[in-house]
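This is the structure, below, for whatever I ask next.
Naming follows writing order (A, B and C), and every chain is counted from residue 1.
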Amino acid sequence: MALLEVKNLEVKFPLRQGELTALRDVSFSLDRGERLGIVGESGAGKSVAAFAILNLVSRPGYISGGKILFEGRDLAGLSRSELRTIRGNRINMIFQDPMMTLNPVLTIGTQMIECLRAHRRITPAAARQLAIEKLRAVSIPSPEARIDQYPHELSGGMRQRVVIAIALLTDPSVIIADEPTTALDVTIQAEIMELLLELCEHNNVALILITHDLGVVSQVTQRAIVMYAGRIVEEGATRRIIDSARHPYTQGLINALPERTRPGQRLNQIPGVMPSLMDIPQGCAFHPRCQLRIDACQQQLPAYSGSEHARVACLRVDEQERAQ
Amino acid sequence: MIAFLIRRIGQALVVMFVISLLSFSIQDNLGDPLRELVGQSVSEAERQALRDQMGLNDPFLAQYWRFLRKAVQGDLGNSYFFKRPALEVIMEKFPATMELVLGATLIILLLSVPIGVYCAINPRSWFTRVMMGLSIVGISIPVFLTAIMLIYLFSIHLGWLPSYGRGETVMIGAWESGLLTWDGVLHLILPSIALSSIMLPLFIRLIRSEMMEVLEQEYIRFAWAKGLQRRRIWFLHALKNTLLPVITVGGVQIGTMIAYTILTETVFQWPGMGFLFLEAVNRVDTPLIIAYLIVVGLIFVVTNTVVDLIYGLVNPTVKLTRGLA
Amino acid sequence: MRYWRLFRKSAFLYRFRKDKVAVASFSVLMLLVVMSFSAPLIAPYDPYDPVQIDIMDSDIPPSWQAEGDTRFALGTDAQGRDMWSTMLYGTRLSITIGLFAVLLQSLLGIALGLVAGYFGGRIDSFLMRLADIQLSFSTLMVAIVVLAVFQASFGTELYNELALFMLILVIGIAEWPQYARTVRASVLAEKRKEYVDAVRVIGLNRRRIMFRHILPNTLSPILVISTVQVANAIMSEAALSFLGLGMPVNQPSLGSLINSGFEFILSGSWWITTFPALLLVVLVLVINLLGDWMRDVLNPKLYKE
């Protein structure tokens, strides 16, 4: 049995102009110790999916359908206190911007110790000791002193290390990292990513990595999901997706990578922009930007073809593959 | 800490300098000290001699310097009406005003925080709607009207509470307190409510809007993701951040509060400094007016310093030791 | 004409029409303004004309009470003036003081804010420190002290003549920091923008370009501030008049009417206080409601410390 299984998840936002569907029919699974990437442009619904797992979709959004099975229990149906035993304990999160994630008026120590005290019976002194250990594990120098400092006394990279330490505190089964390096300086992005990867491997923690950066996905994850306009368009082993993407959108993303372009040549951008979730085109949401579209794409929502972990939602996929 | 103190003291000096200049020019222009001393029956030549003798013909700076030297020693002249040192007269009334302010502050603190927090957490509940409606009505009713309404309802109509004066008081050293007798406490109730009547809705609205903004922050979402208890998230993570701007506004409101004590004390005939000040204005009792200004100025300076210190304690990004703002 | 057509189509007007509270507040406010400013036409008596006042008519309760008099619908005050007429004239005074005080505040505040933001440096820090100190003293406190000293030094008679002017001046001067901070913040933001440099490169006058952008940008915060400030100014005026530092008895504003009635409330003449008080609260409340609504709709970046 998979550790985490998301089935037909649907998230809606009731707005003044009508209800907006941010996620539709999103299904994926995650095994113990596995590392899964969720890729897409901003606005594709990757973050909403991540937050929906812990029922943390920002108001007024809500989960309108589907199941989130963690070790066989449906998280969407849990009471608040039951959910609290999972959140921050079994499934932990790392947010995008470390400058905004830590509470500015509480010390690092307070923000770490409270986590431990919320989930297990532990004395403050023991919790503090454990917190210092974890700070050391994320290579923060002199953690005994740092633990009593406030977030503003630490650099962005340091703060993200603290956030990672917080995520590791309770020895979780899953860590969901939402663009964990996007807000950092380019020079420390790789460092942080490597640290995260190493810690996940070492502690056998499953990782869901949400990012728009295909390069990062290929370095860290074993399997990847590509999302477009609130729906999964392709899933497969990361290597295979990078090497031979099947959905035209994924192909477009990969062709747009700077590495795929010879110096001096223009980047191969996908023409057009992703539609707003307010007015998703009928049929395949990608069809207005797709070079392979046929009339049927405008009418018919493409079903998934392929196996559970190697699927694609495109009407032209068979023809394309036959042609190859 | 030293830099903070220097900055604070510098500001205090500027404020007190302005007040002293104002006070001195009032003394200079208002009322003739000679007439108060000797009456009308003295000849013009004798007057001039006396003026010279008292230094009233000295240059401005010399006179101001003398005023300042005396003021620093606590000598602000005798009240024309009470024939006693003005500062002494004012300080006798100081406890009455302070206890009134204390009562109102307690009401504001004890009610505005829980109500404001509740309204921020439950923006759609009926209680929040009622509170928001009431609060905008509240800030639209002047303090003196609330005071009159309270007297009319609770004293004249229902007869539950006394409407004027402090009631029975007890001397604790030089402090005349109404807090230790039941009668004194009863007398304090209506004036305190009146004094808090505009600030309370103001603070409820402020705390609500600041807290709603804080609750949208990423670190609150992270706190939820950490699986913390609701109470801890609301009352530690969110409230502590909410209080920062509230403390700043609180500091600014101290001046308004003192102005409102004048109104409240007038309506309830509360024997405090504000009531005394208004009487002094009507009697053109210059030394008393000046004494009031200087005492009020000192209260400003002291309370603003305290507010700054509290702000520094709550907000770790303000380092009192380094004097960063 | 073009602007009017644009305004009619704007989201502002649309949202106004959909909000019942806003429409109701605006209607009540307009009604009060129109009625009070046409007081000389619609008031049955002229409270400023001693010939029309008979001391024998004093303290008559409203007409629906047993001792009421049909000549005076809302009764008379202690001097025998018709309450209804006096209130209309009083409202006109209160609104006038509120409007002119806010006009003075905004002119002063905008000018000082522009100066502080544009020149920066020492002028800026001096002006902003001054603003801090002035704000912490509170308008009402400054006004009470200044007016009290004036009254004591000029004597009541001369003061009564100057009261209207003095009230506008004092309330007007005391609240400039609100505007100055908003305008200053806007100037600083504008200064940082690159197009200002770009414009200079083309050889246009930088100052003129800047100000042409700043004033439209600050329009909505200024509108929101001004609305609330009019309500505050009317409240301050009422408080000052209540303390006897505002409008004199022979030319009463709503505040001085309430004050004059307060002495008689114990002897049962409730109407002298109650009617003007009600009118004052309604006037301030509808302005505050409009201000609240505007803050929600325009959502301006108000200066916050």
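The rule is short, and it goes like this: contacts are C-beta pairs under 8 Å (C-beta built on N, C-alpha and C of every residue); 3 or more make two chains touch, one makes a residue touch a chain.
Source: prediction; values computed, not measured.
Shared contact partners of chain B and chain C do not exist in this assembly.
Highest inter-chain contact count (C-beta pairs) belongs to B-C. As a whole-number value, the distance joining the C-alpha centres of chain B and chain C reads 24 Å. The distance from the centre of chain A to the centre of chain B, each centre being the mean of the chain's C-alpha atoms, comes to 54 Å. One simple way to say how far apart two chains are is to compare their mean CA positions; for chain A and chain C this gives 54 Å.
Partner chain C is touched in their complex by these residues of chain B: 11, 14-15, 22, 26, 29-31, 136-137, 139-145, 148, 152, 156, 245, 248, 251-256, 258-260, 262-263, 266-267, 277-278, 281-282, 284, 286, 289, 293, 296, 300, 304.
Within the complex formed with chain B, the chain A residues making contact are 54, 56, 58, 80, 84-89, 92-93, 95, 97, 100-107, 114-115, 118-119, 150, 152, 163, 166.
Contact residues on chain C toward chain B in their complex (touch as defined above): 129, 133, 135-141, 144-145, 148-149, 151-153, 231, 235, 238-239, 242-245, 255, 258, 262, 265-266, 270, 273, 277, 280-281, 284-285, 288-289, 292, 304-305.
Chain B makes touch with chain A in their complex at residues 217-219, 221-230, 232, 236-237, 240-241, 244, 314-317.
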